[in-house]
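In what follows, chain A forms one complex with chain B and a second complex with chain C.
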Partner chain A sequence: MSDIKVTLAVEDRAENQDTLSISEIVPRIVAERKSFVDVTEESLLEEIANCVADSADDNVKDEVDEKPDESPFDQHRLKLLENVKAAYNESALALDFVSLLISSVRPTSASTSMSPHLKTHIPVGSLGADRVPAPQVANEPGVGIGWKIESLTNARDRLKTCASRLRTEAAKEKTYWAGVASIAATGEVLFKVRNSDTRGLGIKYGFGDAGSKYRDPGIGVLKRSATGTVDFEPKEEVQKKFVRVTIKSEEGEVTKSVSNVYTRDSKPPTDPTLAAIHETRHALFEEELFFEIAREARLLTSRKVTVADGAVTVDLGEGDMVVIEWVEVPEEPTTTFAPSLANLFVLALRLLLANAHRQQLEKMRTPPAPLQSKGGPNPNPPLPILRPLLAHILHKRLVSRARRSLYLLSTTHSGLSFEITTNNSTDKESSSLGRLMAAPVSNLKIKFSDKGNAKVVIPSPLQSHQSMFDVTMFKGTSQETVTSHTGFHELVELEEWVRWAADRSEPKKSN
Partner chain B sequence: MSNRSITLLQRVDNATEQLNSKFTDIVNSAKVSSKDKSALAMETYLVEESTSAMVRSLEDLLFVTRSLKEAWILGQIRPVVNKPEDGGEGQLADELLDKIEDTSDGVDKETA
Partner chain C sequence: MNQPIEPDHINVPTEALESLRLRLTQVSHSLNTLQAQLHQPTLPPWSSLHNQFNVLLTQLVSLSSTITHQSDILQQTVTFPLPAFPTATEAGLMATLLRKKILPEVEEWCEEVKQKALGVKIRTVDQYGEWAAETVEEAKQEYEWYGLMTREEVDNGVKPPVYVAPEEEAGEGAKLTIEQILQFTCAGKMPTVA
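And then the complex of A and B:
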């Protein structure tokens, strides 16, 4: 008994057993008990007695076992089974009905689909059917007219609302396209956007066409607002921040000047959409500027340039520092340009980025270099923004320090004279930024009375492959006979050497 | 004529044709002759359907103007410069050449 209880339809078993026919019960008993040969009266009586005794236990067990099964899933399953049964019943009845109906016309084919119960109780072909003419509906013109009037009124109302809607729509379209036309007239790059979610006009406000390779290509969408005006939406949110330069001295204790200008139009456009586009473009420029500076700063760690706390700090030596940050635009920005040192510094940085863009554009225009099987140079090197400025600043500082120490030496050593010339001549055509883009070079001429003279070349301090001071010593006063050639990496070394050379040329004179 | 203008013209034609035919349908189904209720109900539905179709055609027309404007803004439409009545292609170039010749005449005269 226990293994029979496992089946899904336990509850239905008891009632089913009463309703099942003999032909159904017998195979089931055979399946459960195998053959009837072993069944005796005694064994059956014993089993019934056991069954009665067990049933009391079973009831208790069932209560305990089935309570947790009363989950909504089981309830639904039972309900579903019930419904399936009912549906099966209904369909069987319907099949019987249709079969009986057809049996009057085609007795043989209909009897195959009739249930045995029907066949035995009702004779085949006993149900007939005939067509009944539909009763003539009384023609009511009033109803027809009413319906017609109603539908025509509805149609009129719909067309009216549609017309007014289209009229406002057309007006909105007009303002939208007028706005778009005014934007297009200023030379902005517009293009079609055909995405799944956005359809309309796109605008390219970034610097991609100007040679920028920044990750944000600067693409936005011109949407139509509810009132029909043009709404500008950048694809990627651009933070309204700007690059601020602070120049400090005394190991960062004293702030000498802070830049307060950021990229903006000298005359902001009156159209709000156009103003928003310009503002986003400038913000993107500032973002790229800071990104490029930070990228370049990583290369310059050996030059005392550090990136920390979201700021690039350049240590110029002698306690002077330049801090470059990317900060929020103030609520009330200054509109005038004060020619402070920091403002000029930040202006130079911006010019250098624009120049780098131009150089990249030139590079993109030239045919690409042949592919190399071995890894070529870095395809995306940092742009020269901080380096040209730093090179000139550090160079000038170095030259002035050299001048100072040589002056001190010349006061103690008679016959020692020097002259420093910085190469200011630039190839005007090669760069629109003047000597900023050219590497700084200074020439130092030292005369040791009549005994000899030296030529010292001081190149850009950022060139690591060259010595800081390239010294060539000549005999006599002319620069024909080279006596020695050397290079120094420190100013102290140069000083030592000059002192030694001056001492060598002096004693004879004193004798 | 480019494919694009052909499709646009087709859209305009389709829309106007739809507007006409659907309005005719509405007028036709407006009359009440002695019909049974089901026919009447069908005709009322037809009126409704024709109205929707008309609205859709109107919106289609609006779309045509929108795409025209877009094409114009994006510079995909070239205004007709050399109309046949102006002398067709080459007319402007000829005029330009005439003017250049005039100036060179002037230069000749000046130098002479």
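And then the complex of A and C:
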């Protein structure tokens, strides 16, 4: 009944009469007639007009109209609509019949429930009824029972589908929570996420709790995959790159060593989710390391540190260069650690970042300084990562150059002797980084025969407020009487001065 | 002779028909509303459709019980067109109105479900109710309706997993009782670890 198309189009019916059998046509006509009950004149006129319009561009529209709707939702909706329409037709017809029959007794009240079509075509009170003694028709229980069975079967099937779906869901949930528990057991920080777009379990894999102030806080979510396993999704995509250090000499022509180590697990966890979390965490560390180095490098432009082409280049002088890059992780990482210079260099950088994290954490724990209305210090200064390393390297080179030139002077000037001591004491007990945490300081003692001696303090070369060589001259052999105090900024100046002082203190030749 | 005969309406079952008319008006109205709702480009929420459908079902049950209630009188009543009916012009409409035969589709449908009902022993509503109650009780026995384990797991003696947070494993601080902590916070009495 539901698939009967109710239409008034005559052509339509005529062309279908050839293809339909009698048993199909008869109910169809009946169904069409029924529709008269709720058809108004306007709708008829409209339908006829549509028929004409349709036939006019039949060739064009035919293909489009007959295409079945692809979407299953629309199909169901259409089917439901047809069923409701048929039911409405049936009930309207029954109502019309009952009303018409009543109208023979109560014409006024009955006509209120009659359809407009019936009212205009059939006069009220035109049906009669009489009571005819008829044998009791036995009630046929088969239909009711059959329907009940049908409904029960449907209900059972639906319950079964629901139950099986619930069961698979429960199994998936079990896998998911087992995975979550295994992740939580390794000490990862999990928390509840209640955003508008994401809901579920969050994981903090970043270094925020360790003192990092990097822009990416390292937050991800643990999602349930289609199969129930735990899927780790970082909130911000972290590139799988690492910091690589290349040490070059001869103006960058000769590569002396390249680092090949980066932060990773020596034994990655077997759980793929945990492995992904670890990998992302390490990648984040490397990213922050390079970011901080680049930030620091901008302050060191006066020290021949340049940031160009995605690499930080440090010119150490005398043709030696250190290139720090952020590059893709190789497919097959090296498994052994070679104690090359570059590897040690990059390890020191990592240790310094971790140390800077710790210092920041300690700073965060102390009560904050009072607010200043203006001109406070930079609230987010670059972390000391490159600077300590660079200070020591440059200092060492300077000291060795000074030693060399003083040695040359001592060969030509008799009575000139010198001694250089570099402060190697690791009195900063807090640090496992050794002397890296303390600024490099060297003391140079020069003796000019018996007439005088000088004390030269060579501080860290990155301190711009101090002169490179702080010279104090004393009289005699003791350090009691200061004769002069000066500072030099270049080794050449120191050399000149020493030569001059040595010349003066040398015993005068007779002629 | 041309004087029309005034038909006798004494045997029209007015009361029965009136009660039917009321129910039918309700059903038609509900169906019309439902149809209008389904025609909208955006469907109303499913819960509202569901409610509408429930109302419709209630009305249908009421209609059905009215028919059953009046079945005696309705079965014995025969309807026929009076001379006032424009039989010549509206023959089709008359046939539609007075048709008693079930539509072929409905007949098929009825036959189909009758076939399904063939082997069923339960014949009355009371029997059905008894059977349903028994079956539900039987089904209930198959399941545990409490706890976090399946019956199978309980029978096999599986213990529920206990998650221990890494911090708790250290066991520090757990030795103090609540009284000791309160004594410390209120009176400053240092607790002695047992």
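Note that in this section the second predicted complex is superposed on the first by the 365 of 511 C-alpha atoms of A that agree within 3 Å, B and C clash if a C-alpha of one lies under 4 Å from a C-alpha of the other, contacts with A are read in each partner's own complex, and residues count from 1 in each chain.
Following the convention adopted for this analysis, a residue touches a chain if its C-beta (ideal position, glycine included) is under 8 Å from a C-beta of that chain, and two chains touch if they have at least 3 such contacts.
Computed from a prediction, not measured in an experiment: that's the story for all the values here.
Of the two partner chains, chain B is the only one that A:Leu166 touches; chain C does not reach it.
In the superposed model, A:Arg158 lies in contact with chain B only, and not with chain C.
In the superposition on chain A, contact of A:Met364 is made with neither chain B nor chain C. Once the two complexes are overlaid on the shared chain, A:Leu100 sits against chain C while remaining clear of chain B. Legend: residue contacts after superposition of the two complexes on their common chain; A:Phe191 is shown touching chain B, with no touch to chain C. Residue contacts after overlaying the shared chain place A:Glu150 against chain B and chain C alike.
After overlaying the two complexes on the shared chain, residue contacts for A:Val482 are found with neither chain B nor chain C.
Using the contact criterion defined above for the overlaid structures, shared-chain residue A:Leu201 touches chain B, although it does not reach chain C.
More residues of chain A lie in touch with C than with the remaining chain of the pair chain B and chain C.
The contact surfaces that chain B and chain C form on chain A in the two complexes overlap at residues 137, 140-141, 143, 145, 147-148, 150, 181, 184.
Taken together, the chain C residues at the contact with chain A in this complex read 7, 9, 11-14, 17-18, 20-21, 24-25, 27-28, 31-32, 34-35, 38-39, 43, 73, 75-82, 84-86, 89-90, 92-93, 95-99, 103-106, 110, 112-118, 120, 122-124, 128, 161, 163-166. Taken together, the chain A residues at the contact with chain C in this complex read 1, 23, 26-27, 30, 33-34, 36-37, 77, 80-81, 84-85, 87-88, 91-102, 104-106, 110, 113, 118, 121-123, 125-134, 136-137, 140-143, 145-150, 181, 184-187.
Taken together, the chain A residues at the contact with chain B in this complex read 137, 139-141, 143-145, 147-148, 150-152, 154-155, 158-159, 162, 166, 169-170, 173, 177, 180-181, 184, 190-192, 201.
For chain B in complex with chain A, the residues that touch the partner chain are 26, 29-30, 32, 34-37, 40-41, 43-45, 47-48, 50-52, 54-55, 58-59, 62, 65-66, 69-70, 73-74.
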